[in-house]
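Going by the order they are written in, the chains are A, B and C; count residues from 1 in each one.
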Amino acid sequence: MTKADDHPLLSVRNLRTYFHTFSGTVKAVDGVSFDIGQGEVMGLVGESGGGKSVVGFSILGLIDSPGRIEDGEILLNGKDLVTAGEAALRDIRGRNVSMVFQDPMTSLNPLHTVGRQMDEVLRLHTDLDARARHVACIEMLESVGISRASERLKSYPHQFSGGMRQRVVIAIALLARPGLIIADEPTTALDVTIQSQILKLMRQQIAEKGASMILITHDLAVVSEMADHITVLYCGKVVERGLTRDLISAPSHPYTRGLIASIPDATDRQDRLSQIPGSVPDIRNLPMGCNFRERCPRAQALCAQQEPELMPQHGSLRAACHFPLAPGDTA
Amino acid sequence: MTTGETPILEVRDLEMHFPIGGGILDRLRVGVRGISLDNPVVHAVNGVSFKIARGEIMALVGESGCGKSTVAKTIARIYQPTGGEIHVEGQDIAGMGFSDLLPVRARMQMIFQDPYASLNPRQRVRDIVAEPLLEQTKDAQARKEVPRRIEELLARVGLNAEHAGRYPHQFSGGQRQRIGIARALSVTPGLIIADEPVSALDVSIQAQILNLMSDLRDEFGLAYLFISHDLSVVNHIADQIGVMYLGFLVEHGPRDALFSKPRHPYTRALLSAAPSIKEKRDTEEIVLSGEVPSALELPSGCCFRTRCPFAWDRCATERPQLQDVGEGQTVACHLIDAPERDTA
Amino acid sequence: MASFFASEFFHNYKRSSSAIIGSALMISFAFAVLVGPFLVAQNPYDIASLNLMDSYKPPMWLPGGEAQFPLGTDGQGRDVWASILYGARISLFIGVVAMVASCFIGTVLGLIAGFYGGIVDSVIMRIADIQLSFPSILIALFLMSAVGTGVDKVLIALTAVGWVVYARTVRGSTLSEIEKEYVQAARVAGLPNHKIIRKHVLPNVLTPLIVIATIQVGTFVLIEASLSFLGVGVPITQPSLGLLIKNGFDVLFSGLWWTSVFPGVAIMMLVFGINLFGDFLRDELNPRLK
């Protein structure tokens, strides 16, 4: 185990993924770095269009033209995925890293039975024989809370409800016992009562199997309940990261603070919510200096001139801000 | 709610059933007993009643497909209800035809969920916002006033005059939602039906729109029927809340009563499942199992019994009716009569 | 206009050789059809200008050919090149007019079927289904043999065949359009149905029709040519490209090939150009393929 402690399970270094579109270069991910240790859950949050999904696709090597990984390293167990070939990536997908998408229908093939789709994962990534694979599929379906699993294996995706389908997708993602699961808004399309079941299930499965997870979502409440640490993206850049409790209780970046403050709070009702003014700048046409400055209550002249870098703040936090908040600061 | 005044909206036993037969050929069934026509019906709304007073915000919550949007769209008379009454300022509009409805449209407007689909991509912002107003203004002299009024409206929702000539795709989601709000305000309605107005927006933009909506209420005395599935938003903005399940109102009451003392098992499950950034209070969570029944074939008795942890035989035979439990709160659940069964 | 040249559409157009070839062919034909007849000395319909002495002259580069008749002449001494210019005029006229008529009728019927649904929808769409289960050329042939020949009859037959594809497309887009929230917003605004259709539905269902309309002109030119070739199309006094092929066909195998081969090449280039450009439009205007 000493060897594994030397480097984290996944280490993303200075990742840049750009889309070269007709109307300009979209720097969807622009210099993002983070680490995930064995058994950890990292929350990746941020505004819509902030680059969260592109980070996930980059790790899996699923960026298609006009997109390209321009720079950076993605080290999985010390091995760089950016320079790995398509064959190596295909082997890693499913076996070492698997993905759960927001819409379960896009990752399930409507023409094949659930059993066949599960079996295929095992056939590709394990040496089990047909009997053993069948048993493994049944066990996995049962462990995600689907009863009468051996019958259900013969069903087609459309015969399941939305919540059940997402359970199937999670079962498939866990089948080959991958070390890392990337879950992109896994519960956004589901109702709260079902969301809470699915999240519980994911947490429990990850703990049991010792896997790590990147949980991509725009819902701070969900990550705060699920994640060990959180990375906040804004316009393709990490603006803040740190342990969940530090980041939620005393964020140091004004954007994180604004996000947290704008969630309506059941215990402390004011008439007006605190709000972040303005809207996200056009990602093809970012302002000089800090990307957040036009919406930031703390911005000063320096923010327009120089881009802030990720610097250590109080507690476990690192934030990219010239005028970060200390615990207890207001606005 | 003041009792003396006529409520701005009163809905009684609203029912909306959609026939989904398709063509005659699709529905034709040939069986041993001859030929028959199939008549499948979606029971989207099954007898919903509530009142909204002037300046009041009523929220409807519930899970996907429970009929929230259908209630909204039926009240806005996008659909013709299959049963029940809809009183706007005391006048029943449920059976009205197109020309009778036109003046009602000036008193009641709607805001939609999807900021991308709710604006015609081929219309300029000024034409979008002016549309309801122009339908109401037939007098040539008054129509000359419209452009100035549009500018005022855009300014009020936080857009400027220069935006009036642009097309919707040049705006962000939050700005589009502002355009939709300006459109609804153009005829100075007393009631706005808002179908998930912030669900499609980023958290930081949600707060802007919610603030705008509460400011407008204070300024114009607007009442809202506010539809949402986000309990923290509802808790922030609503005065009274109705919880829907499978087209039925299962619980209804003032916000504080409902949040502090939810009585229906579904409301309790909903509240305990909602994620929160605060440390969770240690309430025992009600975990639901089982599947949501289809609105094509409602279960007998209580519509929630297939997932309810407390259900017993009475729930399968008798449909619970809304009954008063004090403080203006009403609940449709047999547990109210049998508190000893409530073990959670 | 400046914004058009800076647009992504124009950018992709410049980089697509098939789009450039296709549109070049289309533009040359449009040009030839509009001004061509003024450039040739002979009017092939004017009997007085024909000289039987000139009959069956080969193309100018063959022995016996004359520069006066670059592509040779037919049995009446008509210049084949002039006939093609006049014939293309008739072919394209028929193709474009029938397309416009089909598009208009199909769009109106599709809007009505999609917007109002119910029995109207069933009737319109069943007629469309029945039509689609026969080859267009067969229906056109049948109609022509019922109503007789003539340019106007060809137009009627082509329109009767052509509206179906618009009606189906428009009905489909209308169905998805009326579910959109901006149509519901228009209802809440109090707009009457005809205004909702005109302002909100119609402008948003037209884009896919551009592709259909472009390609249909090519199809119609071919159908008309087939009808005329079979002798049920345009009259001999208004020879389209198809009729030219037919007229030359009788002598095709006696070595006088040019009278029908050149009109055939003309049709091929015209339809090929239209299809190339149509395919480009299809890729550009279909957001799903992007």
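Here, a contact is a pair of C-beta atoms (placed from the backbone, for glycine too) under 8 Å apart; a residue touches a chain by one contact, two chains touch by 3 or more.
Note that the structure is a prediction, hence the values are computed from the model and not measured.
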Touch-based graph of the chains, sorted into line, ring, star, complete or other: complete
Pair of chains joined by more contacts [C-beta pairs], A-C or B-C: B-C
Interchain centroid distance [CA atoms averaged], chain A/chain B, Å: 32
For chain A paired with chain C, centre-to-centre distance based on mean C-alpha positions, whole Å: 53
Of all residues in chain A, those that touch chain C in their complex: 22-23
Chain A to chain B touching residues, read off their complex: 47-48, 161-162, 164, 191-197, 199, 218-222, 224-225, 248, 258-260, 262-267, 269, 271-277, 279-280
Residue ranges of chain C touching chain A (in the complex, touch as defined): 8, 11
Residues of chain C that touch chain B when the two form their complex: 122, 180-182, 184-192, 199-200, 203-204
Chain C partner contacts - residues on chain B that touch it in the complex: 23-24, 73, 76-78, 98, 101-102, 105, 109-110, 112-114, 117-123, 131-132, 135-136, 180, 183
